[in-house]
Amino acid sequence: MRGRPMLYTRYETDQALMNTGTKKLMLALFLVFLILVPLGVIPGVDFLAQDEWLRLLSEVSIYGIAALGLNVLTGLAGQVSLGHAFFMGVGAYTAAWLGAAPGPFNGLGLPIWIWLPAAGIVAAVIGVAVGPTAVRVRGLYLAFVTLGLVFVGEYVFRNWTSLTGGAQTGRTFPPLEFRLWKEETPLIDFVSDGPWFGIELSGEAKTYYLLAVFAIVFVVLSKNLQRTRVGRAFQSIRDRDVAAEIMGVNEAKYKLIAFGISSFYAGIGGALLASFVGRMIPEQWNLFLSVEIIAIVLIGGAGVVTGTILGSVFVILLPRIVEDVTHGLAAIVVEGSGPIAWIGDLFISTGLDDFGFVNTQAGVAPGLSIPQFNQVLYGLLIILFLIFEPLGLYGIWLRIRNYWKGWPFTY
Amino acid sequence: MATGPLHTVLWRLGANYSRPASTERYEDDEMLTVENLEVVYNDVVLVLRGISLEVESDQIVALLGANGAGKTTTLRAITGLLDIHDGDITKGEIDFAGQDVTHIDPSKRVALGISQVMEGRRIFAELDVDDNLRAGAYVNRNGSAVKDAHDRVMALFPRLAERRSATAGYLSGGEQQMLAIGRALMQDPKLLILDEPSLGLAPLLVQEVRDIIVEINKQGTAVLLIEQNASMALSIANHGYIMETGKMVMDGVAEKLLKDEDVKEFYLGLHTTGEKKSFRDVKHYKRRKRWLS
Amino acid sequence: MTPAAVVLAQEVTLGGNEFTEMLVEGLSLGTIYALLAVGFVIIFKATQVINFAHGAIAAMGGFLVASMATILDIPGRWLPDAPAWVSWVGSVVIALVAMALIGMMLERVFLRPMVGEELFAIAIVTLGLDIVIRNVVNDFIGQFPRPMGDPFALAIFDLGWVRIAHTEALQIAVALATVGAIALFFRSRMGIAMRATAFDQEAARAQGISVGKVFSISWAIGAVLATVAAIFISMFPRRPAGVDQQTAFFAFKAFPAIIIGGLDSIIGGIVGGLIVGLAESAASTYLAFEFLGTGFAGIVPYLLMLLVLLVRPYGLFGTEEIRRV
Amino acid sequence: GGDGGTDETTTSAESTDTTEDMTSTTEGDMTSTTAGGAGEIATDVGVDLEAGTITVGLLSDLSGVFSSLVQIIVTGHEVYWEQVNANGGIGGLEVVVNPVDTAYDPPTHVQRYEELKDEVVAFGHSTGSPHTVAINDQLQADGILAIPLTWYSGWSDDAINANLLHHGVPYCLESMNIIGYLKDMMGDGLQTIAIASNPGDYGLDSHEGAVLAAEALGLEVVYEGREAINAADEATLTEVANGIVQSGADLAYVTTSPTAFSTIFGTALAQGYQGTWSGAGPSYNPAFIAPDSPIKDAIAASTYWSAYYGLWGMDTPGVQEATQLLTDSGRVEVPVSAYFEGFVEAQIMHAALEQAYANGDMTQAGVLAAAKSLENVALDGLGPDETYVGANNDQVQRASAAIWRPDPEALASGESAGEEVLETDYTNAITEAYEFNEACYSLEG
Amino acid sequence: MALVSSKLLQRRAERYGPKEYDHLLDVRDIHLSFKGVKAVDGVSFTVDDGELFAIIGPNGAGKTSLFNSINQVYHPQEGDILWKGESLMGLKPNVTAERGIARTFQNIALYPHMTVLENILTGRHVRMRSGWIAGALWVGKAKSEEIENREIVESIIDFLEIEQWRKYPVGLLPYGIQKRVELGRALAMDPELLMLDEPVAGMNLEETEDMARFILDVQDELQIAIILVEHDMGLVMDIADRVLVLDFGQQIATGKPAEVQANPNVIKAYLGEELESA
C-alpha cells in the first residue's frame, strides 16, 4: 500500500506545483508542442495546423477556461451549478457593450484589455449577488435554482434587444484585437492572416496562440487556488460542511467566494466564445451549454484542474474525430471492396433498398444519417466512458501513474 | 448526496445472481459452517486466508480480533455483501441450514434467516425510526408478525419507543446503534450476526444488549458476535474464535479463552496478575508483539 | 423591448369565459407536468438518478403509441370490427408494457453499472442516454409528426361556461388517477424499500431488499408515466399533429414542478405539476403586458420555484438532508 | 485562412485533401492557365482540373431542428448534379457537392464554413439567416459566393448581399401575395386580421409583410403578437391562441414552426375559433393532413399557403422534369416538394458555374463575379425565374411559385404531397405595387 | 514532541495575552430542545486551563448536543456559555473555532477526499490569513504562509506518528488512524480547549492505549484543556480529573472519578451494577 517515499529537503520544493524533475520536463515538452502545433511541423499531428483544427483547439481553450470556473464551484466547493451558461452570457454581453463598435446595438468600442476583464468582473458581481439565494439551498436543489437562472437569463437576453440583438437574430461581438485605445488599426490583430516575427501565420493560428496563453494562465491560477488556504476551505465544505464550519471555515462566505470566482471564469469564457464566433443569438446561452460545461468537468474528473482541460479536449474534439472516422468508413463501404467494406455494409446502408443502421444518403435510405449517427455515437461514448471510468479522464491518468508507483488507489 | 468514489460500490451488472438454492432440510444442528474461506478484495488484497468456523443452532459464538483482522469481511462473505466492496470468495464454502449459500443473492440469504447488524450502524438516516424498522421487516410479509416484532423491539429499547417518529439521522450515536440492532431483530432470524454492537453504547446499555443477545439466543436464534469488547463477548459466548490478519489463530470454549494468558493481555488488557493496569503506565511504551501468523 | 402580444380590438369572447378557459388550460398543462414530474421523482427517489433522458423516453413512448395505433395498427388489424376506442386502448396498453420493459432494460444496461457513483457522474450518463435515445427516436419520427390515432378527434364538451376537449377531460382524469395510485403504492412496503435503497444500497440489501428489483420497478414506472404524459402532449389540442421531434424537450418544462414539490416527494410532484400548470396558464392569460416582453409566462414557473426555495429550501414536500455531527 | 485570398490562385490544381492543401499554405501564388474545355481556365480553390472536379459546399442542418427538411433538400442537390454530370458536367468537369452538418448552431456554422472555404469553389446553400449573417463578413473577406437557404428579404438588399444570391419570394412579399390572394377570394368576408410571429428574420420579415398587406388592403389588425411565439415555451403558444380567439379575426396569419402552428391552431379550434388561417410556408407540415391526423379536415378547410418553389405534381416543365429525375433516382420515399428547393439552389449554382466557365475564371472570386452578373436564371416553372442585376427593386422576387391549399385525399392517395394548386407563378397586385428598397425587417449588428 | 509543545505554547502566548478570566469555559444552566426532545436540560459546569474534564452519560443524554452547543452548531434556548468571560451565545461555529475551541467528532468527520496533510492544514485555516487572490497568484505572503504552516503541520504529524500516511486520502485509512488524524486536525488549530467525542469508541485495546497516551500528552505538554466524552469507563475513570454525569439532558452528578463512580444514581442510570466489566 505504501507510496514510494519521495525525499524532499525543503517543504517548499515539496509544495511547488512542479515538484519533480519529470513533471518539469513533461511540462516543458508540452509547451514546446503547443507552440509548434500551428506550424504543422510535428509529424503525425501536422493536420492540427489546418485552420479548422486550430479553431477547434481554440474552442478547447475557451470551453476549458469556462469549465475551470465550474470546476472551482463544483469540483472544489462541491456546489453543482447548471447556471454556468447564464454567466457566460453575461460575460459575452458585457464584452459586447464595452467592446463592440458603436452600431445598431449598444457598443462603446473600448479595447480588449478593458472589455475582457470587465466581462469577468461583471459576471462575478452578478454571481455574488445571486449567491445568497444559492447558499441557502443544497445539492440538487442548488443545481435547479441555477437552472432557473439560465431560463430567466434567456428571457432577459431575448427581450433586451438593444444589447443582445434579440431572439433568433443576435448581434456581433468585438473581435480579438489588441488596441491601446480606440485607434483605427489595432496594435496586435489576432484574427487576420499575416506574419509574426517573420513567420507567416493564419489568423486562426494567432487566435489559437492567444487563447492557449489565456488557458495556461487560468490553469495556473486554478492550481494555485486549489492548493492554498481558500482552495482547501472549498474542499472542506464539499466534503463535510458542518465539520468544516466547526473547524473555522465560514461556509456562507466561502460559498459566495466560490460563486464569484466561478462566475468570473464563466464571464471570461463567454466573452471569448462570443468574440471568437463573432455572432451569437441569445438562445445560445442555454441549458445545453451549461450541461456541456458540466460534462467537461465531470468527464475530466471533478476537482482536478488538468482533468478539466482534458475534459474540454474530449468533449470538443470527440464529435469531430467520430465524424472523420464514420465518413472514412462510409467511403470505404461505398467503394465496396475489401473485408472492411463487406462488414461495414452490414451497418451502413447506401440506398433505399440497402439495410443498415447508418446511411450514406441523408434522409433517404433507412437508418440514421451520418451526422445523427455521430451524435448517437458521441452519447454512447460519454456513457461508456463514465461507466468504465467514473472518476473521469483523471481516473485513467491515475491508473497509469499508479501502475508505475504503488499508490494506494485500488478501486 | 450519493456516496463518494471512495465508497465506490463496484457492483457490476449483478455479478453473481443465479445458483438456485437447494431446498433439502438439514438434520444435524449445525446452523452455519464456513469452510476454509478465502476472500480477495479488488483481485489483489488477500484478506481472508482460509478461515473456518461453525455456529450451532443454539449457540452464541464470539469472533474476536484486532482491527483489520478480517472480521467484517467474514461477515460480508456470510451475508453476501462482498460484491459491493469488490471482494470475491476465491476459495471455500459457506453452508447455512444445510444448504450451500456461498454464492446466492443476499436477499435470498436474509429470506433464509441470516440477519446482520452492520458495522457502523448504517441506519437509514432520512427515514424515521418506525420506517427503519419496517424496512428491516421487508422479507417478512406477514403483517401481524411484523407488528409483534415491532412491539418486541420497542419493549427491548424503550429509548427508541420514545423517539419513534424521530428522523433516524438525528438520533444520538447510541440510539442509532439500538435502532440498528432492532432493525435486524425485525426479521426474526435463525442466525443473527452482530458486528461490534456495543460500539458507542453506554456501559449499562452494553450490559442490556448483552442480556438481549442471550435472550434472543434462548428464543432459538443462533448468534455470531463480532466484538472489540472481548470481555463482554466472551462472558456470554459458548465458543470463541480469535482472528489475526485473516487467519484463525485460536478458538475454543469461551471459558477456556477467558483464562488464556495471551487473550487476557491483548484482549482484556489485564495483567497476568489479573487486575487492570492504568493507561498512565502503558503510556510511552508501545507493544508491537503479534501472534506468529 | 419589443412590443409583445396586445389585443387591439374590443374582446369578442368565444367559448366560455377567460377564467374557466385559463383553468382548463392550467389543469391540462398541470396534469402533464405532474405525470412527468412524478415519473422523474420515482426514479430519483429509488435510485438517486437524475434522469435527464426522461424527455427522450417520453418521446419514445409517444412514438411507440403512434406506431401501434396508426402505422402498425396493432391490435387493430386483428379486430377489424371492434370499436375504434377498443383497439386504440389496446395499442396504448401494448405500448405501455413495451415501455415498461424498455425502462427496465435501460436501467439494467446503462445505470446498474453506475450504482454508487457520484450523483452527477450518473446524471451525465443519463445525459448521454438522452442524446442517444433522442437522435434515434427522432430519426424514427422523421420530419412528419406522428398522430396518436386516438378516436376522440376534435370532440369537445361545450358546457357553455367552459369548453373542454374530450381528450383534455380524459387526460385530467387519467393523470390524477395514475399519480394517485402511484402515491398509494409508495405508502407500501415497496415504497419504503425504495427509499431505503436510495439511501444506502448495501444496508438495504442487508435487509433482504432486492435492490435490482427496486431499480427495475422504479424505471418501469418512470417510463410508463413518461409515455402517458407523451400521449396527452401529442393529442388535440396541444399537439394535434402528434408526437414530433420537439416532444423530447417538453420534459424540461417539468423541472420547476419537481423542485417546487420537492425532488423526492411524489405528492410534491403532483402538487408542483398542478401549481406550475396553473401559474403558467394564468400568467399567459393575465400577464400579457407589453413591458414584460415575450415569454414572461414561460419563466413564471422558475420564478415561483425560486420563491418556494427561498422559503423552503427543500421544496414544499421534499425531505431535507440530514446535517449533523 | 491560408489561401482563401481572392486573387491567389495556384498552379498545381489543388487536391481537395485539406491536409496537403494546408501544409502548403505558401506555395500557390500564381495563376494557373491550364487548357480547360474552353480556352484558359483560372482556378484556385475547389476546382481541380486534373481530377476534373468542381466542389460545391453545402452548409446544411443535418442533425438540428430542420435536419429532416434539409436532408431532403440536400438530396435534391445530389440528384440534380448527378444528372448534370451524366450529361458532361460543366465543360467536362464533374460537380461534387460536399454537405456538412451545421446542426443549425451559429458557432458550428462558422466552424464548418472555416473548414469548407479551403475546399469548395462556392456554397450551394447556407442554412439559416443569423447563421448566414454570421459568416457574411468572412464570405466578403474571402470573396466566396453562397446561396442562403432562407427567404429573408434582406438577401435582395445590396446592403448585405454582396456575396449572396436570393431565390424565391421573400417572406415579406410572400405575406403580401397570400393575404392579397385571400382578400380577392374572400372579399368582404375578410375585414380583420390577427398576426403572430416567431422572433428573428423569419418571423419578423413575414410579420412586416403581413402588416404592410393589411395596410394596403385596409384590413383591421385586431391582434398582433409580434415575435410573441417561442415554440419551446408552451405558455407563449397559449397566449397567442387566446389572443387570436378573442380577437375573432377573419384571418389568422401565423408565422412560426409547424409544431407551434399546430398547437396554436388546435388550441384556438378547441376554443371555437372559426377564421381562416395562413402563414409563411415553413409554418406548414404535410403531417397536418396525414390520414390519422385529427385536424386534417380542419386544416384542409381553413388554411391557404404560398410556395417558394414548385409543388409536386404541378404541371410546369421544370417540375415535371425534376419529378422524373427524382423518381428515377430511386431516392424518394414519399413525394415531398422540398426536393425542388434543392433543385432550384443547384440550378442557380449551375448557371453561375457555367457563366464562370465561359468567362474562363473559375476561381472563388470568378464564380462570385459570374453569379452577380446573371441577368436571368430560367427555372421553367420549378420556381419563378431569378435575376441578380439591377437595383433591389428590380432584383427582388415578387412571384410565389404557387398559391395552394392542403388536400388530404391527394396525400392519402400518394399521387402528390397533398397540395392542391390554386395559382402558379402568382404575384398579387399589392405585391406588384410594393416599392422594395431595403429589407422589410433589417437584421443588423 | 518537545518541539511541538514549545513552539505551540509560544504561538499561543503571542495570540492570547495574559490570562484575565476566572474560568476558561463557564457553562451556565443551558437548555436545548428539539421539537419535543429536551436534549440538554439545565446543565452548568466550568472547565479551567489544562484540565481534563470528562462528560459521561447514557446514550441520548445530551453529551454531543452539549458539544454542539458550545460550538454554537446548536443554539441553546436558555442559559449562557462564557469563554474566558465572554459569551459565545449567538456566534457562528467558525467564530468559536477562531476563539480557540477545537473538536473531534463521534462519527469521524474528516474530509475523505483530501490527504492527511491537507486535512490537518485545513485545521490551520483559522490561523492563516491569505485570501484567494494572493493564493491564486501564489505571491510572497501567501506562499511563505503556506510553507510556515506546512512546518507546523509536519510537527503535529510527527507527534501523532502518522508520517507514513501523510499523502494518503484519509478516506482510505484504517479507522484507528483516521481518529488520530482527526485529533491532529483539531490540534492544528492551536486550541486552548479540545473537545473529544468518544475518541476510543470501536478501538481495540492497543489503539485505545495509544490514543490515551496522546490525550495525556496533549494535556500535560501542550497544556490544552480537554473535555472528554467517552463510554469506556476504564479510560475515563483512569485519566479524567473531574467527571460530569448527564442523564436525559440533566446533570445528575459532578466530581472526582472516584466519587462519581460510587454515586448510586450514576450506577443506576449509567454504569450498571457490574462496573468491573468495563
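By letter and in written order, the chains are A, B, C, D and E; residue numbering begins at 1 in each of them.
The rule we apply is simple: a residue touches a chain if its C-beta (ideal position, glycine included) is under 8 Å from a C-beta of that chain, and two chains touch if they have at least 3 such contacts.
It should be emphasised that the depicted structure is a prediction, and the values quoted were computed from it without experimental measurement.
A.B. asks: Quick one: which chains contact chain C and chain E both?
C.D. replies: For chain C paired with chain E, the chains in contact with each are A, B, in label order.
A.B. asks: Using mean Cα positions, find the chain sitting nearest the overall protein centre.
C.D. replies: A
A.B. asks: Which chain's centre, taken as the mean of its Cα atoms, is farthest from the centre of chain C?
C.D. replies: E
A.B. asks: Rounded to a whole Å, what is the gap between the Cα centroids of chain A and chain D?
C.D. replies: 35
A.B. asks: If you average the Cα atoms of chain D and of chain E to get two centres, how far apart are those centres in Å?
C.D. replies: Between these chains, centre-to-centre, one finds 75 Å.
A.B. asks: Find the geometric centre of each of chain A and chain E from their Cα atoms only, then give the gap between the two centres in Å, rounded to an integer.
C.D. replies: 44
A.B. asks: Do you know which chain C residues sit against two or more other chains?
C.D. replies: Answer for chain C, listing residues that touch two or more other chains: 2, 113, 117-119, 122, 135, 143, 294-295, 298, 321, 324-325.
A.B. asks: Please list all residues of chain D that touch 2 or more other chains.
C.D. replies: 63, 68, 72, 199, 227, 230
A.B. asks: Would you pick out the residues of chain A that each touch at least 2 other chains?
C.D. replies: Residues 139, 158, 166-167, 242-243, 246, 363, 369, 372, 375, 390 of chain A each touch two or more of the other chains.
A.B. asks: Quick one: which bits of chain E touch chain A in the complex? Just the residue numbers, please.
C.D. replies: Residue positions touching the partner: 71, 73, 92-94, 96-98, 102-103, 105, 109-114, 118, 121-123, 125-126, 128, 130-132, 135-138, 142, 145-147, 150-151, 154, 164, 167-169, 172, 185, 189.
A.B. asks: Would you pull the chain C residues touching chain E in the complex into a rising list?
C.D. replies: Residues of chain C touching chain E: 325.
A.B. asks: For a test of understanding, state which residues of chain D touch chain C in their complex under the given definition.
C.D. replies: Where chain D meets chain C, its residues are 63, 65, 68-69, 72, 192, 196, 199, 220-228, 230-236, 238-240, 242-243, 245-248, 257-259, 262-263, 265-267, 269-273, 285-288, 290-295, 298.
A.B. asks: Quick check: in the complex, which residue numbers of chain A touch chain D?
C.D. replies: Per the touch definition, chain A meets chain D at residues 40, 46-47, 49-52, 55-56, 59, 103-105, 158, 165-172, 193, 200, 202-204, 273, 277-281, 284, 351-353, 361-364, 369-372, 374-375.
A.B. asks: Where on chain A does chain C make contact in their complex?
C.D. replies: 74, 80, 133, 136-141, 144-145, 147-148, 151-152, 155, 158-161, 166-167, 241-243, 246, 287, 291, 294-295, 298-299, 302, 363, 367-369, 372-373, 375-376, 378-383, 386-387, 390, 392
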